[in-house]
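Here the structure is laid out as structure tokens; the discussion comes afterwards.
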Amino acid sequence: SGKNNTVIRIGVMPDVDSIPLIVALNNGYFKDAGVDVEIHHFKSAQERDSALQSGNIDGAVSDMLAAAFAKDGGFDVKITSMTNGSYKLLVNKDAGVNSIADLKGKNIAISANTIIEYTTDKILENAGLKSTDINKVIIPQIPTRLEMLQNGKVDAATLPDPLASEAVKNGAKLLGSSDRLGINPGVMVFTSDAIKKNSKGIKAVYEAYNRAVEYLGNQPVTEYIDLIIKEAGFPEDIKGSIQLPSYTKAEIPSKEDMDDVIDWLTSKQLVKKSYSYEELVDDEFVR
Amino acid sequence: MIEIKGLTVRYRQRHRCFLALDNINLTINNGDICAVIGPSGCGKSTFLYVLSGIIKEYEGNVLIDGKHINASEQRIGLILQDYGLLPWRNVYDNVTLGLKMKGGYKGDTEYIQYIVERLGLRDLLDRYPGQLSGGQRQRVAIARSFVLRPSILLMDEPFSALDAITREEMQDLFLKIWNEYRVSTVLVTHSIDEAIYLGRKIAILSPSPGRIIKIIENPLFGTEDLRIKNEFYEMEMEIRKIIRGDSHNES
Amino acid sequence: MSLKGYFRYIYAMIGVVAVWYVLSIIANLPIIPSPLNVFVNTYIIFKAKIAIHVMYSIYRIFMGLILSIAIGVPLGLAMGYIPRIDSVMSPVVYLLYPIPKIAFLPVVMLIFGLGELSKIIMIMLIVVFQIIVSSRDAVKGIPEETYYSLMALGAGRLGIFKEIVIPAAMPEILTSIRVGLGTAVSVLFFTETFGTKYGIGYFIMDSWMRVNYLDMYSGIMILGIIGLCLFLLIDIMEFLLCPWKQ
Amino acid sequence: MSLKGYFRYIYAMIGVVAVWYVLSIIANLPIIPSPLNVFVNTYIIFKAKIAIHVMYSIYRIFMGLILSIAIGVPLGLAMGYIPRIDSVMSPVVYLLYPIPKIAFLPVVMLIFGLGELSKIIMIMLIVVFQIIVSSRDAVKGIPEETYYSLMALGAGRLGIFKEIVIPAAMPEILTSIRVGLGTAVSVLFFTETFGTKYGIGYFIMDSWMRVNYLDMYSGIMILGIIGLCLFLLIDIMEFLLCPWKQ
Amino acid sequence: MIEIKGLTVRYRQRHRCFLALDNINLTINNGDICAVIGPSGCGKSTFLYVLSGIIKEYEGNVLIDGKHINASEQRIGLILQDYGLLPWRNVYDNVTLGLKMKGGYKGDTEYIQYIVERLGLRDLLDRYPGQLSGGQRQRVAIARSFVLRPSILLMDEPFSALDAITREEMQDLFLKIWNEYRVSTVLVTHSIDEAIYLGRKIAILSPSPGRIIKIIENPLFGTEDLRIKNEFYEMEMEIRKIIRGDSHNES
């Protein structure tokens, strides 16, 4: 792979999807691949997207919905690969809920019009419930959602990892998750600008990414958990309990997954038009 | 009766204290009028601040009818040198402020009417102090204290902003009211005429720090057409001499 | 205000829009849409999508502000007037004011639930300190001499409060309400994002998340207009409450 | 301040901690940790984990505040003094003040990038309006008569500004700086969360995301103390800037 | 020369206008002193506000040396009825404020020293106005206007807060300065004595709205020991009559 002098700036959030990138940076894989990568940490999706839209980062660990929204909002971004993450529907242990069917009429904390709501709907749908069967309570901030769940202010909540693991560790019950369903809406996006200017560099990023995935598969968790806690901003006490997803080498998202997300968005009238797979996905990097 | 014994007042400044009044001894009988004169800055206003309970830190004893000053128990009518009107109250409310504070003014409307009339404030009742001339403000302050029917009346140069003729009318109004109610009065003035006309007693203070140089029992009190009398002229000369310090050994 | 005054208002608005327009042209990015598009969009979606949010927000602003005033003004005035209260409460205020209230969102939600009350409480928690500090300083600024006539009348604390402290501090209390109002409106975006789907703060945040900048700017514009109207309301209140100032 | 005054400060602190302690006992939840644990935790982590954040935050607060004062005070005073400026600028301020500045994060990032400048600009955007409104109202509150002697001396606008407007408004300018300071500190948690790994706002947010409430409360406490110190600094400034008030 | 022709001033109130001065015509020659007397609230202060450029909305013409009033070109010394001191400036800065505004006071230090001394302000130079007595404040205001060496001196009851003796000293100081610089002066006063002693011309105003009833060329101006002279007494009686309106047909 050739030398690249332009930096590639990638925005990440404190979630499990970003771990391969953090490992790659820490282990020097990017350098080995001949690309200069900066990882910018954000605490909320809004900040990450603002940075992306204002051109302060070239790409981000994101999700299909955010990508579709960006496209819909007039920003030329492309999904370049899937990432491995997990969104979990959890119930408070005292809520008297043992199966998804029991959730009927209960309060579920989510964030509206996000991957969280999408996943929740999918999990419910899969168990034969409609999204109107339950009472959605909007709590955008993840730690606050966790707290409301743990203190019984809501019966259930959908959380991403690592806070989902934290909740489980503190006694919440796992009812369903995106990986159990086999859906995977987490993706990596790059702006078309960045793709145009530096496609070589992005290729190199994936080279390093795949090396990191390999490393994550080979090494015991104990080897890198401290790094993750420090760099990704994970809770200290998930050390023994966290179930990291089995990371896969970068690949493009499946068409069904993508179409399903777009269907969901259009049915809720959240996007102005229905986007095709090709409009959203650029498969040149991880073919 | 107002008894003042060894009254000493200091103002605190940044680094030091400033002695404003030094060992004042004075007794004012019930129904008496004591005029206080003295050079600018000698502590006359300070003296009234003490008597009206505004300044609470002082040395010495000040007793009103044998009791310590307590503005909420006594009915003190105070005319401040800068009038002390409330800018956010119109003339009528400023005039009746004292009555209101002392609990209602039912039955007093006629008297209020009368005082307002005599002080020429009738057309100004709904103005705010900011819309009045200096003399008009002073008259509002006078009205406020008169209307209160105070048991003690403290007046700090109450007629200083009034023209000669209005001033004489006000002096006579004051005498009329005093004759009716015999209110114990302390009148700070810088006019020797006024002190002689209105003071039954005249206390003369020294330049700062204020000490009492002399207390004169004034035989000319209330005399009409004072200024054409010879005694008046002699008295004035005497007071001037005392103030100038020519007569130190006399005091 | 004269006719000329109204014209100035309009000129000012035109100025803001012009700056915005120029910015949108220079940037040529969806994050700064052209004001014209935003106006059209607002016109289209107002009735269907924005009006309901406005109602909710105005209610919350009002309640939050009234609660803040009800707590902040008396406490601030008392602190300004009675040194002993000040010396106990000032450090408390100084310590609590700078604390980011959003960090206490979970605690507030635990105590007051997920409904309206906790939103109003959040507004109050943010605004009340500004009002306390301003009211306190207003009283401290009253010249000593102002109290003299009432002291001589032996007025009690209550009388002095009513006759002097409140009217003397009134213009600055109104200032503090203005400041509080601006703040209350501008924090809607995080007091209205939980436990509700209504409120202009929610609308803005949601539009933002959906990268619908046209909607977002429509919401922002509406929020600005709400604020402007409430500010004018306070200006009228000032006119009525301080007649001696004219 | 007398020794007694200092004691009151300490009593006040003890009061705050006591309330906190009682709350923590009643709640018995990690989200309201006991103050004692927080103190111990702060002591342990301060040097290693917090000190560096404090430096960054203080720098940003200072810069943001100074920028806000540099823009807000002159503009506010000019608006208060010259009615023509007021009638043009007031509606602009009234319109822009209530707008949630966080919604402009993309624009700010676009223009100023992810670095220090955009954080300082964010603080300024939030604080400057409070300062403008307070300064303007301060000047409007100056009684007409105050200007008379300088008008008779034929003083120009500059002279009147220097001799009257600024000193007369100084106490309220200081109030507005107090209010601005409190706000500047309390918004750190969202001005410091992008493009940086330093700052006490970042530290609090980070700890929160990590569900490390002990660290979070340590950060909040430190933030409160930073605020308290800065407030006391302003109190001292007031003492020096307004000698005629003593 | 100050020429005032048909000067009419109205104050705007909430719903109506208040007529304060009505058709004033007056000419004051260079180096002249015009004393203005009239009942409280007749518009004397308003008159000075116009002359000093504070009130800019009026009807009629006011020309100073043929030019319209422009406070920044003329050197106007103004003593306001409420002194007009800046609370945030100490006594020294208040005294020199005028000089500073008019561009520096190099070379004037001796004169400043002299005035400060004569007005008894030497020990007060670093105090703030809030720490002064009423009379002391007034003396600061006097010092400010004297120190400026104004070309026009406007004084609004400048000695009202001073005791009799200080007041006389100040009057003499004023005369001394006037003799030296022959500054055109308008002196508003409510003391008829003072008007006779200090006014070369005496303008008498009617009660509100202020109109000029009479302008007297005063032969007794500057006479020493005025009060023991018979002419003084006669003059005073005459003025009183005019003010009371007894002599309406005369005017």
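By written order: A, B, C, D and E. Residues from 1 in each chain.
Here is the rule we go by: a residue touches a chain if its C-beta (ideal position, glycine included) is under 8 Å from a C-beta of that chain, and two chains touch if they have at least 3 such contacts.
Note that this is a predicted model, so its numbers are computed, not measured.
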Dominant chain pairing [most C-beta pairs in contact]: C-D
Most remote chain, CA-based centroid, reference being subunit E: A
Euclidean distance of C-alpha centroids - subunit B vs subunit E, Å: 27
Chain centre separation (subunit A, subunit B; CA means) in Å: 83
For subunit A paired with subunit D, centre-to-centre distance based on mean C-alpha positions, whole Å: 36
Touching two or more other chains - residues of subunit C: 29, 31, 106, 110, 208
Contacts with 2+ other chains: residues of subunit E: 82, 130
Multi-chain contact sites of subunit A, meaning residues that touch two or more partners: 46, 49-50, 53-54, 143, 147, 151
Footprint of subunit B on subunit C - complex, ascending: 145-146, 148-156, 159, 163-164, 167-168, 170, 242-244
Residues of subunit E defined as touching subunit B within the complex: 11, 13, 37-41, 43-45, 81-82, 120, 127, 131-136, 138-139, 157, 160-167, 190-192, 240, 243-244
Subunit C residues within the subunit A interface of the complex: 29-31, 105-106, 109-110, 113-114, 193-197, 202, 205-206, 208-213
Residues on subunit A engaged by subunit C in the complex (per definition of touch): 45-46, 49-50, 53-54, 66, 69-70, 72-75, 112-114, 137-141, 143-144, 147-148, 151, 153-154, 270-271
Subunit D partner contacts - residues on subunit C that touch it in the complex: 5, 8-9, 11-13, 15-16, 23, 27, 29, 31-32, 84, 87-92, 94-103, 106-107, 110, 126, 129-130, 133-134, 137-138, 140-141, 171-172, 174-175, 178-179, 181-183, 185-190, 201, 204, 208, 216, 220, 223-228, 230-232
